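Encoded as structure tokens, here's the structure I'll be asking about.
To keep things simple, chains are lettered A, B, C and D as they appear, and every chain counts its residues starting from 1.
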Amino acid sequence: MEQVTNLKDVLRMPHKHYLVLGGDLRSLALYHHLLNDGQSVSLFGFDHHPDENDKLSHKKSMQNLINQADVIIAPIPCTSSEAILNTPFHTHTITLNEILEVMRKDQIFVAGRIPASFETAGTGKGIHCIDLLEQEELAVLNAIPTAEGAIQAAMENMKVTLHDSNALILGFGRIGKILARMLQGIGANVFVAARKPSDFAWMKSYGYQPVAYSQLDHQLEQADVVFNTVPRVLLGRDHLKQMQKSCMIIELASKPYGVNFDTAKEEGIDVILASSLPGKVAPVTAAKYIKETVYRIVNESGGNA
Amino acid sequence: MEQVTNLKDVLRMPHKHYLVLGGDLRSLALYHHLLNDGQSVSLFGFDHHPDENDKLSHKKSMQNLINQADVIIAPIPCTSSEAILNTPFHTHTITLNEILEVMRKDQIFVAGRIPASFETAGTGKGIHCIDLLEQEELAVLNAIPTAEGAIQAAMENMKVTLHDSNALILGFGRIGKILARMLQGIGANVFVAARKPSDFAWMKSYGYQPVAYSQLDHQLEQADVVFNTVPRVLLGRDHLKQMQKSCMIIELASKPYGVNFDTAKEEGIDVILASSLPGKVAPVTAAKYIKETVYRIVNESGGNA
Amino acid sequence: MEQVTNLKDVLRMPHKHYLVLGGDLRSLALYHHLLNDGQSVSLFGFDHHPDENDKLSHKKSMQNLINQADVIIAPIPCTSSEAILNTPFHTHTITLNEILEVMRKDQIFVAGRIPASFETAGTGKGIHCIDLLEQEELAVLNAIPTAEGAIQAAMENMKVTLHDSNALILGFGRIGKILARMLQGIGANVFVAARKPSDFAWMKSYGYQPVAYSQLDHQLEQADVVFNTVPRVLLGRDHLKQMQKSCMIIELASKPYGVNFDTAKEEGIDVILASSLPGKVAPVTAAKYIKETVYRIVNESGGNA
Amino acid sequence: MEQVTNLKDVLRMPHKHYLVLGGDLRSLALYHHLLNDGQSVSLFGFDHHPDENDKLSHKKSMQNLINQADVIIAPIPCTSSEAILNTPFHTHTITLNEILEVMRKDQIFVAGRIPASFETAGTGKGIHCIDLLEQEELAVLNAIPTAEGAIQAAMENMKVTLHDSNALILGFGRIGKILARMLQGIGANVFVAARKPSDFAWMKSYGYQPVAYSQLDHQLEQADVVFNTVPRVLLGRDHLKQMQKSCMIIELASKPYGVNFDTAKEEGIDVILASSLPGKVAPVTAAKYIKETVYRIVNESGGNA
């Protein structure tokens, strides 16, 4: 029930002055989530976004906005290239140095993948620098839209239903676990390849078929779709040869990926690269998870922020 | 497990001479399913399908192929217009009369929506005419790809995840039931509107939130997505006004649909028309279900076919 | 969320004068549920129940209490023997005739299995007689505690976990459907035997393994537990011979049951008779469902009651 | 599908000479599982178990049996009191020293909670000593029968169904996770109290309601049953006062338990102590998990055993 959850959220929602500073559609959605929570919140760094360019706080100076804020929420990831803030919807370049100069003691700066130099300098000034991509809870929550995006990609490309298909997941980390659950919920026969005996025990308890990597061959023959979550080439040419031509690989890991794309092409197996899904498939949900993580961080950083 | 299921299927698989006569991609997939089962099967009516046009039985005369067959499987639906067989991948027109003339006593003719005139004449000649669209089991099975297609359409259009969204289903028939189950499996909060007290009891037992049509207003306010399965205008302008602008309607029913599309547009609510999904989203699965239904029909029609 | 459900319940809760007249622990729980809802409610027919015997309305005359009531809720089943009200917790005998004499036009009389003579006479006087056991919704809801009770009986008697066991259900009616769902939820491998092709289609959609009665032999060999819901002897000596000795039968149907108990004993297969479960395993839940059904009946019978 | 699983098991089943040496019903069931797998296996330490006392290998000397074995499987836990093997079904006392004396280099000795002195001495002789209770996979697998036993205990004692009840789990470790899943599968409203933000994220992804310990009061009011898995007194008198008298606590943790039993009694709250469940509720399943863990250990210990 949304109502009840919101009620609880309200109780633990820290009222502060927030500034959303740059970023993509998730940052924009985060700004609106904070507004909806009744927070005092400003937005800067979206001067050429069509919805925002004439009505918003970017008409004010960035310096003033940073001054007024308790919590500055910079992008995920923080920089586009060395020392430049990631601002795809802004005309002008903003450097991390500009930001650092005007920030002051006890302010909270949250962002994804904060450069070490910024963090060192910021901490030296008494700023609380907190990296969102190091928050385990956000990594778990981000696996939810990632898993949904993977399911969508599979549905768009398969000629059979996921229901009653043989779906093989490589890896049983965050994405593997949540994807397995959703696929089972749709009615797929879920197979998961992993390494650790305790992972196999968890799979049994949850009703997934455990697959040892040494047994991969046999499972690949039967698979209707393979989801890779492991950034290591697990599927070589011999594996690909065993797959049905109608089977496809949904690639969710980062480089070097679970398969060499050229090899797959030569063997006639489609690979669908599905990366950075949370921001693409469900920016509003992704922003909600960022908001909840920011609230938790602010609550934990105590009252003097 | 596919193996085991196949084993069982083999045991009850009636070995006959089949002819797949016209139809869309499902008919083509059906032909290949029958081949894979080791059946004696011919194909006719696909002379300009790129994969099939130079190698197949359509080089033979249709008359001969019908003669050799025990079971003729015509399209779903059977006709494209009055008395013309539905053959989107064939150059020449085939009439039902041509077929009827060469068919003989004890052959089985299965198709979707067989014209009454054909059925009467066929039955008069001792032909077993069986309408696939009147088979309850196939209607249930078709609801599976329909529900998946509806979920895909929702995922493609929503800015939030289905997981933890409020999904409202109008109607608790075959599609409503299977869609509710899958949405719950993905982690949505599932609400279902229906009329009968016993439907509400089933919803409670399955963990969906029952909604009386008189309470629809309240639920519409909270909904992130609405799936309509009822061919009757349930959502008037007042209902639409209560919905969030970010909510959308996935329309799964036939005319007159659950909402007037123009009214929805005026109220700023997106409607996504998702009809005839089984053949579109999962032709191979849809064909498998047709095959299983045909096998059951042939088994029941006894040994003299 | 309980809160929300309660809110809705309050909105459609018909405020009337109720009399709970006789019955077992469910009737007593029903009385307390009505009290908790803030209803005006009396209790009669529990003079030797320890909790109730000195403080309650049975000190008043039954005639007065019936007079004051809009809705009289008699037991399920209504009579213990011909024309005698079913009152296991009452010293004195109450006859249906006594009740009928003092009832008047427009009162509502609800009970389980109302004798035809009472219904005819009552209807003649303008009384609304409504049989709870003919309400489809209550039959569905009662299948919930029945299924839980069956699971409890299985857990108490099996030497393996239900999780990952092979559980075979005979019959796919209300109890079969709800039991299948719960067993799947615990992690059992669920097999269901039934007759209708459309039932098999539903099973596929829900992820249960369909079993034709003709294939029962094969499944019985592998079963760890069999739940029978069909009142017809399905398991003969030959079937019993094929079962593992460690397998047991949980009998949920009424006579003549799904197996002859003597034959089962001779073949070394335990049969656990688990009947009338709702009142035994969860009287408070069973009473809640009766209450909800009574509310619906009263709402539908309109305002002049 | 059992068949398929068995097939895989056969492939990775290490063929060795096994000796099951002492223990409870799980050890006996383990002996039979090994027999069924076609292993060469002996049993010793059950001379007064009714089924086993006249036909088995204990007629031979323990020394000979240990000599012949590659793998000796001692009880869980290994000792009943200091240095005495845990043999509830044996007349004579067996000391760990007797065993150690006759064991030799390269044999594998597996047991639960092996005394340090035994392990040191054994390792000194070149024996592979492996403690089953330190195997993460077995701890996970044991949580399955534990969770089922907890559900059975709840069903036996509650007057409402678990379905649609409010079930509150304290702790989100192995038992908490598996119990949450099963309760959700039966249809309970599952609430889980924990501490870590990432645990809350996992709960959200799985559809359980996260509860911070600071919000426990509110949840306790609504709970129909509380399952404690944390060996730390979490529920004080004030908490108990807030619970409904009809609510009960199923205690699954070890001392000092989640609640003081006397305090609970004074506050009128029933506590059901449900410990050591795997061996009690499902000895055959518990033994199967031990077998699988032993196989994995033997496989990993390589070929010279």
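Convention: contacts are C-beta pairs under 8 Å (C-beta built on N, C-alpha and C of every residue); 3 or more make two chains touch, one makes a residue touch a chain.
Because the structure is a prediction, the values reported are computed rather than measured.
Asker: According to the touch definition, list the chains common to the neighbour sets of subunit A and subunit D.
Answerer: Looking at subunit D and subunit A together, the chains touching each of them are B, C.
Asker: Going by the touch criterion at the top, tell me which pair is linked by more C-beta contacts: C-D or B-C.
Answerer: If we tally the C-beta pairs in contact for C-D and B-C, the bigger total goes to C-D.
Asker: Taking the mean of the CA coordinates per chain, how far is subunit B from subunit D in Å?
Answerer: Computed from C-alpha means, the inter-chain centre distance equals 48 Å.
Asker: Report the inter-chain centroid distance for subunit B and subunit C in whole angstrom, where each centroid is the mean of the CA atoms.
Answerer: 37
Asker: Could you list which residues of subunit C touch at least two other chains?
Answerer: Within subunit C, residues 1, 144, 163-164, 181, 187, 204-206 contact more than one other chain.
Asker: Please output the residues of subunit C touching subunit A within their complex, sorted ascending.
Answerer: 1, 3-4, 163-164, 187, 204-207
Asker: If we count contacts the way the header does, which residues on subunit B are in touch with subunit A in the complex?
Answerer: Within the complex, subunit B touches subunit A at residues 1-2, 29, 144-145, 148-149, 151-152, 155-156, 158-164, 166, 181-182, 184-187, 189, 222, 246, 281-285, 288.
Asker: If we count contacts the way the header does, which residues on subunit C are in touch with subunit B in the complex?
Answerer: 8, 12, 135-141, 143-144, 178, 181, 196-198, 200-202, 204-206, 212, 215, 293, 296
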